[in-house]
Every structure is written in structure tokens, then in C-alpha cells.
Amino acid sequence: MRLSIHALLDYTVHAEADVLLQIEAAPDGPAQNVIEGRMTVSTGSELHPFHAGEGYGRRTWTRGAGHFRADYHATVEVERTPPDIAGLPQHAYHELPPETVPFIWPSRYCQSDRFESFVAKVFGDKMGGDKILAMADWIERQLDYVPGASTAATSAVDTFISRDGICRDYAHLLISFSRAAGIPARMMSAYAWNLQPQDFHAVVEVWLGGSWHIVDPSRLAPVEGLVPIIVGRDATDIAFMTIFGRADLNEQQVTVERID
Amino acid sequence: MRLSIHALLDYTVHAEADVLLQIEAAPDGPAQNVIEGRMTVSTGSELHPFHAGEGYGRRTWTRGAGHFRADYHATVEVERTPPDIAGLPQHAYHELPPETVPFIWPSRYCQSDRFESFVAKVFGDKMGGDKILAMADWIERQLDYVPGASTAATSAVDTFISRDGICRDYAHLLISFSRAAGIPARMMSAYAWNLQPQDFHAVVEVWLGGSWHIVDPSRLAPVEGLVPIIVGRDATDIAFMTIFGRADLNEQQVTVERID
Amino acid sequence: MRLSIHALLDYTVHAEADVLLQIEAAPDGPAQNVIEGRMTVSTGSELHPFHAGEGYGRRTWTRGAGHFRADYHATVEVERTPPDIAGLPQHAYHELPPETVPFIWPSRYCQSDRFESFVAKVFGDKMGGDKILAMADWIERQLDYVPGASTAATSAVDTFISRDGICRDYAHLLISFSRAAGIPARMMSAYAWNLQPQDFHAVVEVWLGGSWHIVDPSRLAPVEGLVPIIVGRDATDIAFMTIFGRADLNEQQVTVERID
Amino acid sequence: MRLSIHALLDYTVHAEADVLLQIEAAPDGPAQNVIEGRMTVSTGSELHPFHAGEGYGRRTWTRGAGHFRADYHATVEVERTPPDIAGLPQHAYHELPPETVPFIWPSRYCQSDRFESFVAKVFGDKMGGDKILAMADWIERQLDYVPGASTAATSAVDTFISRDGICRDYAHLLISFSRAAGIPARMMSAYAWNLQPQDFHAVVEVWLGGSWHIVDPSRLAPVEGLVPIIVGRDATDIAFMTIFGRADLNEQQVTVERID
């Protein structure tokens, strides 16, 4: 399908500050072709895009001061069939390719080392894609989707206890479980067609049967309509915007429309 | 100086298990030339070395079962002058090169996001290399070197409260402070000439004035005699050995001798 | 001095819920005489007052539904000279009277067990009242008073790291340090004359030289004008109101006026 | 049944230190009659027993230096029928008697505030004794009894994640769940007939239908053969011995024999 995307970030930045934007549809993202993409910032500051390094995605350095507005418009062709990971094998550790190794370790918000006993006990009878599906089912049953229940500091351990959160928290928990089971997992930010209400979305990629597969434990949007932005170890790597200074949100809007 | 290195890891592995070794002097490490290096494992299992990806260093997959012994012998030429970071400038965020960006984020054991107020309050009057030196001094004054005080689960937050630990904990704390101050910092494992008692060592690299500089907050060994093995975000990335299964330690020995 | 106190709590309670109020000037509080005190709730629910048990203070059970408003009016005579704890001795553990023993243990928000090394290192050269004063000075220097920086879940460990908070957080940190040093410490909620802006206040009582002494690490109001409400191990015991159900705040007001 | 009890604690105390012993069968414990009890310490130091204050039990201050050995011998008559809490009602909050109120709050190792969502979700369809039984069943199914898996610093939150521990950890988790459900719960240390291997035991008391009822979530010993020592908010209040100084364990032995 062909999607028209618009993201608007409007902030007041108190003193001139560096800004890192991670809002472009990944030029090298899976199963997508960015036909047209254009980013502008209201301050006219220079934009310094660069490749994200681990996996795919593009980051952009810029600067903001006073009224700062970033606009991103894109047209993206996505050709993705609904993934079916049931039955997919997981790899023995020693067969994992080099680029997947960082994604078996714990990270800031995904303390997979602490979930090993739990994962062995509850999901120990399954392997590979079936194990991931059982984990995603468990997360969907056990968590409530509650906007405002979590903050930027909330980790997988917190969510495991509180049993509520948003897409970010669902993803952190699945990533933690998956790594605890020896399956590389990373976090993807994405635009999502048919997401209600519209916003940046966060899902998971797991390494099974020799490639990465998208899983959305929050089940809020169809995987076929996802437009990957960037991947990383967890939310620390993929935040859509980081302002290195004090700033206040004025407005933030995401629209994703199917045009074909 | 020219150093002769020997590392011996001797374990009993309960069931056949994958093993990740990260004990080779980095072929692409800074200011060193690995003249000769040879790794063998007692089980005769195949060794699959690969580049670590982020920064430098080499990882090796193998397998172990029963009595498992890994031996690494190397001769390395190191030419490193004692670093002097006093006065070195730190970069504005937007000037940081792509490969340094992952090292400004918090990680599993270095929750730099939680130290921002503290760092601004205590070290806010300094910048760049002077700030790093002030942080390293603070850490040296405030922490006691106490083997056994920390575990593999100990994070920078824990060390900040308990005020004791080993080289790993000193490094985690300096990395956390440095990132909280906007200076990219990563963890390096190394062989260390003149370290008493001999063991694998852990130090810090910070990005100042356009390059990485080694800082050892534990001050246990001269930086000139360090032989870098691998770098990563924190201890998760650089553990010298990970056995993915149950195992007991029999013996572990590191020797580093100057031969020229 | 004679103080006229008024506290108003106005909430909307979604379904009928139990309510615990802890807002009366302690009838048995130190150095005060409650000349007149009257509590009313808008719902006309019965009030069941009872003694708090550990130390002093009075709790009241009632029920609320819909618009719930609690009013407390009192006239209290306070005769308290500014405390001077400098030079006061601390007791050996085995000399502590039974009622002080619970206040040497860690509690939910005062994890004193984790601060023992830090306290020994930084305050180890002082004893008794001098030690408490040094701790209070340290806290005043190191913390910033930032309304909104902390939440109901914030503990002394969090405050030690973030270095900001409100009176509750200042008190939790001093209590933790004090217990780590073997000096019984408990938390007191109080009305406070000359507090700007007016609100319920939280301070600390420490056991030195055979009696409890008030210390206000936030230094926001004169100790002579404090009207103790209740004491407990930490914020869990002394919250001014707990509604056991969903409720929204409409208005909350405290006034403390000197009338003599 | 009539039980003969002997507890022996043998330590080396590095410098003269205060010692708090909590090893006597509670003179005022439920359903028991301490026919004879005698405590001696090898150092001949004075013993200062006192009532524990909250609930029942006796604490004793003494001092130790060098080789320190405490011996406790007792004969206790216990008349306790196996408790049956199925069907017992829980009280509305406002009906809770004053002495139970401290046991609905979170404590150092029982962060009940963090388990409210989980408890509502998983046990929300049951009330009172049935709810406690469902919680105890859940804990027994989900946890593995693993000596050495936990330490003195392990809290209910840690156990909920790691899913293993000993009697102390089982008790902390049930207390946390119970308080999160509005049922007062406290921790009891006890001698236990038929416990294998013999040691001090830790169980739970919950307030249902107007009285305290014993529940042993670890199910390691029959409740009829328990000899209560002391109760408190969690492990902080009821440790059998606290030495306020450096000490090494030489030997520790508990024997409980049925003599009638």
C-alpha cells in the first residue's frame, strides 16, 4: 500500500539547544520504499542527517531556539504481508550472526537478565516463533493499555509489576522476555496506518529463522501498514526527538493516510 | 613496550553449551599491534571469531561441555603515551560523529539519565577533559575498592549509593557521569601491565577533542600498559566469557609480562 | 504562641469509599495544647477517631462519596523553644528504649540499610546531635527544593540520586541517614506557622540524649511554630488523607495564623 | 502438642558490639503457653528483655565480644487446630481496628503499593480468606524454593521478578499481595515442628473475620506445630539476631522436638 505521512513537532525551546530528530521513514527500512521525503525546521537551522549504524534508520542533528517546529512529509510504498512466525526456529547462540549479538544483552529499559527464571518457568515448553507468540499473548492478557500510567523512566521491570502502560512498555516487556529466552530482539519506532489515535508507534523485531520479524505486542495497528523509522536496543536509541535543553510541548501531530 | 599475555579460563560446563569469548587483544585496538595471538579450547570445538561491530574488538563463538579450558597467548606491542585530557574540549551534541551517538544514551548498568541533576550540581563549573578529571577524582575519593562488595547485577545507581566496588563499578559510575554531562563514554576491557593482582581490567573511553581517550577511574594500572580487548556500552557488551548454561569455575589466570 | 489552624480538603470521590484522615493537631503532641479542635465532613458520615499507636497522633476513619469535603478548625497553644541539638549524645543501641527500636530499621521510603557505607564515610567523624546537624547541612546543600520533581513513589534512594524534591523527600533522606548512623528517626507531619506557601509540612524527629528532637532539613519554617499532627516510620504512616478508591482533587487549603 | 526447643547461635564478634536477640517463644503468642524458657549468652553480658510493642513477642538487648554464643531452651505447649480461612470475610477499611492499620501500608521489603494493579487483575474475583488462599496457591505455583537465590536485601518486588527464594521471600510476597488487596498482613518468625531442614521459619498473619490467622505460603511445616516468636511489618522487625558490628558465623542450630 502507498501511504502519505505527516509529522509535526512544535515546541518552545528556552535557550538555543541541540536537537536530535529520528522521524524519517527509514530509507533502508524493511519492505518499504520511501518515494518522497522532506523534513524542514522552522528555525532554518542546518540539518545533518546520518545513518543510525545499528540496523537501519536515519538520525538528524539540528538546533532549535524559541519557537521550534519540525515538519516531515513523506510518501512511502509498503509491501509487507502479515507476518507468520508460528513454527519459525530460533538459532543456537553460536549461530547468531554478529549484527544480532548486541540484541541478546539487557539494556537500560529491558533488563532481560532479571527475567530468565520467569521466562524458563512460564514459556519453557515452547521454542522460536511459538515462544514469541506465547509471550505476546501473555503480555496482551496481563497488561492494560493505560496512557499516562508510565513515564520516560518506566522500564520492563516496572511494567512487569504494574501491569499497565503504552506501546513502548509492551515492547520493552516483549524484548526483555525474548532476550531472556535467547532470541535477539530490538525495538522499532514506526508510523502506523490505522493506529487510533494517531501517534508514533513502537513495536518489536525478533530474529528467527535467519531474519528479523516484526511483532506488535500492543496489537494496536496492522503490521502490514507499519512504516519503520529506526531500530535500537530500546527506547533510548529510538526516541523521535531529543532536545538537549529545556523545552515545552506546544503541539504534536502525526497523520498516516492511505493513498493507494 | 612489548607485552606477553596469557589468559587461562578453566570451567566445568554441566551440559553442552554455547560459549562467547571476548579475550583477544583487539586486532584493531588503539595504539597497539598484536604481533602474535593464538586461542585454543580444550574441547577442540570450532572457533568462530567475528568483529564486534561497535568500535573495536573481536568476539568468538564456540561450544563447551564437561571440562572446558580456554587458553589465549599473545605478544602485543603497545605504544601509548600517558594521556593528558586536561583542557580538552567537549563537543556540542550536534557535532558528535555518528559512531559516538550510542554512547551518550543510558545503558543497562549506566543509568546516566538519573545523574543529570547531580552532575550539573557538582561538576557544572567545568567542561570537557577538566570535567572528566574532576569526576574521576570524585569517584576515587568517594569509593572504596572492595572485592566482593558488588555482583554482576550491580549498576552505577547501586554503586553511587553503596560507595564501594571494583574496577567495573568505578567504570560504570564514570561512564554514567560522563554521559549525563553530554560526553560520549564507553567501557573497555583490557589486559593491564602492572595490575595487582592480575585479572581482566575494565576502564573507560571518553570522546573529547575529536577522539577517544582512555581514563582509568580505579587508578590500578598505568594507562600506557593497557592492552584493549573490546569496547561496548557497559559490562553487558564486554564480558570476557559468557557460558549460556550452567558452569562452575575451576581456575582463572591472567598474566601480563613486559618482554621489551 | 497561639495559632489558629484551618485545613480544607475538597475532593470528588467516584464511588463510595473509605477515607482515613490524619489532619488533627496531635492531642498528645509535644509542647502543644490543643485548646479547641473540630473536624467535619460534608457527607455527614460518621467519624471514628483513634489513637495512632506508635508515638502520638490521631487517625480518623470515615467514608466519602461524590463531593467530599473535610474541614478542620483548631486553636493550638505551642510553647517550643528553638531546639539546639548540638552536642547532644546518641545512645548505644542497647540503651535504646523499646519504643524507639522500630525507628532504627529501614522502611518503605527510607532504605537506611543502603546508606551505611556512605554515612560512615562522610559523617563518620561526628556523633549524636553534631552528626545530625552535619547531615542536615549536607542535605540542604546538596538538594534543590523543586515542587513536582518527586511523586508519592519517590524514596530516599531516588532523592539521593536525583538531588531534588520537597519537604517529604528532605525528611526521608535525613531519616535514612540518621538510622544508618544508629540514631532512631521518625517522620512527623505538622502544621507550620510562617510556611510559604502554606501546606501540610513534613519534618523529622531524632532520638538524642533521652528524648525526641525536631529537625527540619528543608528549613522552610521555624520549628517553634510547628504543630505536630502525627508521627510514623515514613510517609506511609502519616499521609494527611488516604481515599481507598478513585478520587479527584478539587481544592486543598491550609491556613495557620498567629493569634497571640 | 508439647515441644522442646533449642536454638544455638555461635558467632565471632570482632569488636565489642550491641546485639539484639529475637529468639524467645513469644510469652504472649497465639495459642501457645511457654512452660519454661531460658536464654543464656556465653559472654555473661546482661540481658535486657522488653516487649516488642506492635503485636506480640519479646526482644532482648545484650552485648557481645570475641566468641559469642547465645543458647535458648524452652518447653512450649501449643494448641492450634489447622486454620481454615476459606470463606472468612475481609473487613472494609473503616472497620479495621487501630492495631491493624500499620499492616495495610507498604514496608521496606513489602512494596504493596506497587502490586495493586496486579492483585486487582489476577485475584479481583475473590474476597477475604478465599483471596488469600488463591494468592498463596499462586505463590506456591510460581515460586521455586531455592536456598541461596536471595539475600538480606531481596524485596517482594525482586522475588516477584526472579520467581525464587526461601520462606522469607514467600512471606514477603504474600504480605505484599494481601496489603494491596486491603487485608492487613504481618510477618511472623517462628520455631516450626517438622521443618526440614530445621531453622528459624517465617510465615504470615492475615487479619480476617476479626482476628489474625496464620498462613504459610512456603508450605514447609504444619501450622499446628508453629511456635510464634515475634511479629512485625516484614523481615526488618523480626530478624532473630542483629549484631551491630562486624561478626562471623561459626554455627547456628535449631532443634524442635515433640515431647508429648
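Here the chain labels run A, B, C and D in written order, and each chain numbers its own residues starting at 1.
Criterion: a residue touches a chain if its C-beta (ideal position, glycine included) is under 8 Å from a C-beta of that chain, and two chains touch if they have at least 3 such contacts.
Computed from a predicted structure; not experimentally measured.
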Inset, instruction - Spell out the chains that contact chain A while also contacting chain D. - result: none
Inset, instruction - Tell me whether chain B and chain C, two copies of the same sequence, contact each other through the same residue numbers or different ones, using over half shared as the line for same. - result: same
Inset, instruction - For the Cα fit of chain A against chain B, please give the angle of the superposing rotation, nearest 5 degrees. - result: 180
Inset, instruction - Express in whole angstrom the distance between the two chain centres, defined as the mean CA positions of chain A and chain B. - result: 29
Legend entry - Rounded Å distance, chain B centre to chain D centre (Cα mean): 44
Legend entry - Multi-partner residues of chain C (at least 2 other chains): 114
Legend entry - Category of the chain touch graph - line, ring, star, complete, other: ring
Inset, instruction - If two chains touch, include that pair; go through all of them. - result: A-B, A-D, B-C, C-D
Inset, instruction - Show which residues of chain A lie in contact with chain B when the two form their complex. - result: 18-20, 48, 50-54, 59, 61-63, 92-96, 98-99, 101-102, 105-108, 111, 113-114, 153, 182, 233, 236-237, 244
Legend entry - Residue numbers on chain B that touch chain C, as the complex places them: 114-115, 117-118, 121, 142, 144, 157, 160-164
